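Shared between the two complexes below is chain A, which has chain B as its partner in the first and chain C in the second.
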Partner chain A sequence: MTIVKASMAGTVWKVLVSEGEQVAADQDVVILESMKMEIPIAAEEAGTVKRIIIAEGDFINVDDDLMEIE
Partner chain B sequence: MAKLTADTNYQEMKDAVLKGGQDKYHEKNKEQGKLFVRERLELLFDEGLMSEDGTFANVLAGDLPADGVVTGIGKIHGRTVCVMANDSTVKAGSWGKRTVEKIIRIQETAEKLGVPLFYLVDSAGARITDQLEMFPGRRGAGRIFYNQVKLSGRIPQICLLFGPSAAGGAYIPAFCDVVVMVEGNASMYLGSPRMAEMVIGEKVDLETMGGAKMHCSISGCGDVLAKTEEEAIAYARQYISYFPDNFKNKPDLEEPKLPASFEKSIEEIIPANQNAAFNMYELINRIIDEGSFCEVKKLFAAEIITGFARIKGQSVGIIANQPRVKGGVLFHDSADKAAKFISLCDAFHIPLIFLADVPGFMIGTQVEKMGIIRHGAKMIFAMSEATVPKITVIVRKAYGAGLYAMAGPAFEPDVCIALTGAQIAVMGPEAAVNAVYANKIAALPKEEQAAFIEQQREEYRKEIDVYRLASELIIDDVIEPNELRRTLELRLDAYKTKKLTFTERKHGVSPV
Partner chain C sequence: MFKKVLIANRGEIARRVIRTCKRLGIETVAIYSEADKDSLHVKEATESFCIGKPPVAQSYLNIEAILDVAKETGTDAVHPGYGLLSENASFAKRVEEAGLTFIGPKSNVIQTMGSKLEARKAMQQAGVPIVQGVNEPIADTDEASKIAEEIGYPVMLKASAGGGGIGMQLVNNEEELRKAFEGNQKRAQSFFGDGTMFIEKFIAEPHHIEVQVLADAYGNVVPVFERECSIQRRNQKVVEEAPSPFISEETRKKMLDAAVDAAKHIGYTNAGTIEFLVDRDQNFYFLEMNTRLQVEHPVTEEITGLDLVEQQLKVAKGEKLAFTREDIQKNGHAIEVRIYAEHPVTFFPSPGKITKLELPEGEGIRHEIAVETGSDVTPFYDPMIAKLVVFGATREEACTRLADALRGYVVEGIQTNIPMLLKTVTHEQFLSGVTTTKFVEEYYLPKATTVGK
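Here is the complex of A and B:
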């Protein structure tokens, strides 16, 4: 299991996948909004989205857990 | 190694030395995927080591061939370079009195000849039994580091880390221009995991504490992570081709090549929406000679890209924001990475190309605690001091101190070019309208707010429009994105004769 983490502080703008969905390595799964920029966050490894920890609009800090991928 | 005496014949003695340490250590090396030191040198040089000094160092000790380090001269791409290379089959590459003396001497040789020096490190550190002879004195290990500092910026110093570099030894890589680490085998640390457990009670493994991957992606002590020793050596051979032998010369020109061809043009890969991400590598590949990119610190602070390349055969250093990672925002680590790279290029007459697409420096408590202002100052300091040709390209946007750090107009670039559609401002339209009209927006009826905000943003966009900036002579030229390669070729050619002394003083006080 891997945890997708926030690369920087910001607000969750879009969650691009839903629980149970298959994702490929390097696929963007969340887009953060920070410093007025869209910050895509990709899954490091391929797998199934097990749990989405955050919701759109949440403020998150650097290294916060975003979702679990199995 | 068999016990040698003064009576052993020459050939026997030499053969024994060239074989290195005992067979069991050679076998252990192989198991770890390590090459023997002399095999490494075969790969590094065009035709092996041309001359070696101190081959017979400590020969009568019997079990310390060459005293655990090979030093000498060889050729890379036909150019003379010096080398020191630890032999991990001899007491784990540890340093005795003669080991240290040999390293100091090859440093002196490299300085006299004015040629690059390669450090092939694979060493457990000092031989504690020899400490009085090799540690504290005038020509003890400290002198190695002193010499490295003195040579810094005079000749290129390259470190290939194949194994451990422990305690004091960890400073050899630290003082080199670039450090290539082999994944799984290379490590740097001041105190081993065993020592960490004894002294501070931390339980940790070597890879986590000081492994190659950690140093190349988190601490920034490593610059390049190589999968194998062969890959590390191939990188080093390519790296040195961008450099002159010493600071008195300029890098050699190579056969010019066209950029690789792609389906989409530069114009097509840059999104019109300033806030959307795009991959800066795609732009870099469209402006440099095909296959010429040699990246430094790829895995560390990836929001800024630093690497050597060629444009029409000429060696250049590229500093580019990467909107694909953290929005291309500058952080403490990215500023630190850029500062070292800029200073490295400037030392060896490698022109700098800044590709700016930067929303500014990161804000917030976390980065303030990390000293982002201090690190940002370091980047601006190095960039200001650089007197090589500096070409600044505003690819999409340069906001706030991001404009300054990326060699904005006030920092004496030879030219500041904007691509059509670029914006330069203290901050972007969204942030600016919020900052200026926050009270007014709050006072408006809800249904009128959106229209008011959009109208003000539009006004603001006009204010920071690229032609407005060109009209005010803030930027020197506006070009179409697809003209960028051609423009860079012509500009680099035009600035060839640039000669500048930054200022007169003993030295600046760097905000390190």
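Here is the complex of A and C:
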């Protein structure tokens, strides 16, 4: 299992996948908004989205867990 | 003069306005969000009021909260700065209706120039050159394709309500247009609440050159020269200078004349900027008008000796401009660079705590800055933390001073674009004075390594 983490502080603008969905390595799974810019966050490895920890609109800090991929 | 001015903004521009107000004996009211409670503008204003939570929608864009503070404090005028509510016509209208003075043009003028399509029409009527294109909204992809065919590819697809490059895309052929149209329309709709699209002919390798004007309520419009702002990243300016090293005296005169015609035609008052695209043959075309003070206004101040905030306050108070076009001479050369809290190569934001800050000092160096050692740069606002402005008797001297100043500019704890700025202003292409909006793409980042989407 891998945890997708936030690369920087910001607000969760969009969650691009849902639980149970198959994702590829390097696929964008979340878009953060920080300093008026969209920051895509990609899954490092391919797998199934097991749990989404955050919701759109949440404020998150750098290194916060965003989702689990199995 | 006004007794008390509320500044509906934050960061360096709030400090900039407070500075001129203090000099003129005007009291100031600062507003701030919970994230900005330790900010310098909060400490420097006569009075300061927290108006909400960190996200802009709950603080700096909260019109009701801002007007409440204005009323409670007995403010008589509101300075909107740039960004945030500065070009929001309904905010200007609400300020007017509350019996206060909005330091800017009338709300109906903001409204007209806020629509790129309306602005195109107004400029055409004023006899100002516009890029070949359409003046009516385009309904769907089929109509867009027909129009693009008539104009001839490549064309620029644009959102009428757009800004910051959102809803704008270059398309080279019908296939690209068909792919791009609906996406941009939707994007404009979701960002601006207005999906009105139009098409203009694409101008290859343009310079972005803008003319600053000052206009009083008696029909006097004085152009105060131009600024070249061609060096941009993510459609945002990074380096700005005055005067433009590219245009001839003849082109300069024509552009200043056109800016005066534009401002007069729409009944413009206060400080405003008419942006033009200039092609390699020095043909120029109206791009848009910014109905507010610009981020890069200091370079104009440096070469003219004017304080543009002071002029804004005077004109808003109903004073006549105390000078004519002939009275304003330009002297020397000024360059501004914007210091962003961001990765110097990917341009991704870099919020965090500034653990060390050392500013270069010396002849011709001016700082406009919102942070100090220990400041937190939060993810809620624009990444610009400071502006470095240099002046020199010649462009060459200004370039040398700028490079030296950047080498001595120390920001630790967060990443900044200072390495990118230094590389830019020491690049032979920049030193040659011929810079286009393609500069960053062509010279700074080789195409293959450009990151982002």
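We take it that the second predicted complex is superposed on the first by the 70 of 70 C-alpha atoms of A that agree within 3 Å, B and C clash if a C-alpha of one lies under 4 Å from a C-alpha of the other, contacts with A are read in each partner's own complex, and residues count from 1 in each chain.
We take it that a residue touches a chain if its C-beta (ideal position, glycine included) is under 8 Å from a C-beta of that chain, and two chains touch if they have at least 3 such contacts.
Since the model is a prediction, treat every value here as computed from it, not as a measurement.
Participant: Once the structures are superposed on A, label A:56 by its partner contacts, choosing first (chain B), second (chain C), both or neither.
Facilitator: Neither partner.
Participant: Mind working out whether A:45 is in touch with chain B, chain C, both or neither, as first, second, both or neither?
Facilitator: In the superposed model, A:45 contacts neither chain B nor chain C.
Participant: Which partner does A:8 reach: the first (chain B), the second (chain C), both, or neither?
Facilitator: Once the two structures are laid over each other on A, A:8 reaches both partners.
Participant: Of the two partner chains, chain B (first) and chain C (second), which one does A:34 touch, if any: first, second, both, or neither?
Facilitator: Both partners.
Participant: Going by the contact rule set out at the top, does A:26 touch chain B (first), chain C (second), both, or neither?
Facilitator: A:26 contacts neither chain B nor chain C.
Participant: Which partner does A:70 reach: the first (chain B), the second (chain C), both, or neither?
Facilitator: neither
Participant: For chain A, which residues lie in the overlap of the chain B contacts and the chain C contacts?
Facilitator: 7-9, 34-37, 39-40
Participant: Which of the residues in chain A come into contact with chain C in the complex?
Facilitator: Touch list, chain A to chain C: 7-11, 34-37, 39-40.
Participant: For a test of understanding, state which residues of chain B touch chain A in their complex under the given definition.
Facilitator: 275-277, 323-329, 331, 359-360, 362-364, 366, 428, 430-431
Participant: With touch defined as at the start, can you tell me which chain C residues reach chain A in the complex?
Facilitator: Answer in residue numbers: 55, 234, 341-342, 348-351, 378-383, 453.
Participant: Going by the contact rule at the top, pick out the chain A residues touching chain B in the complex.
Facilitator: Those in contact with chain B are residues 7-9, 34-40, 61-62.
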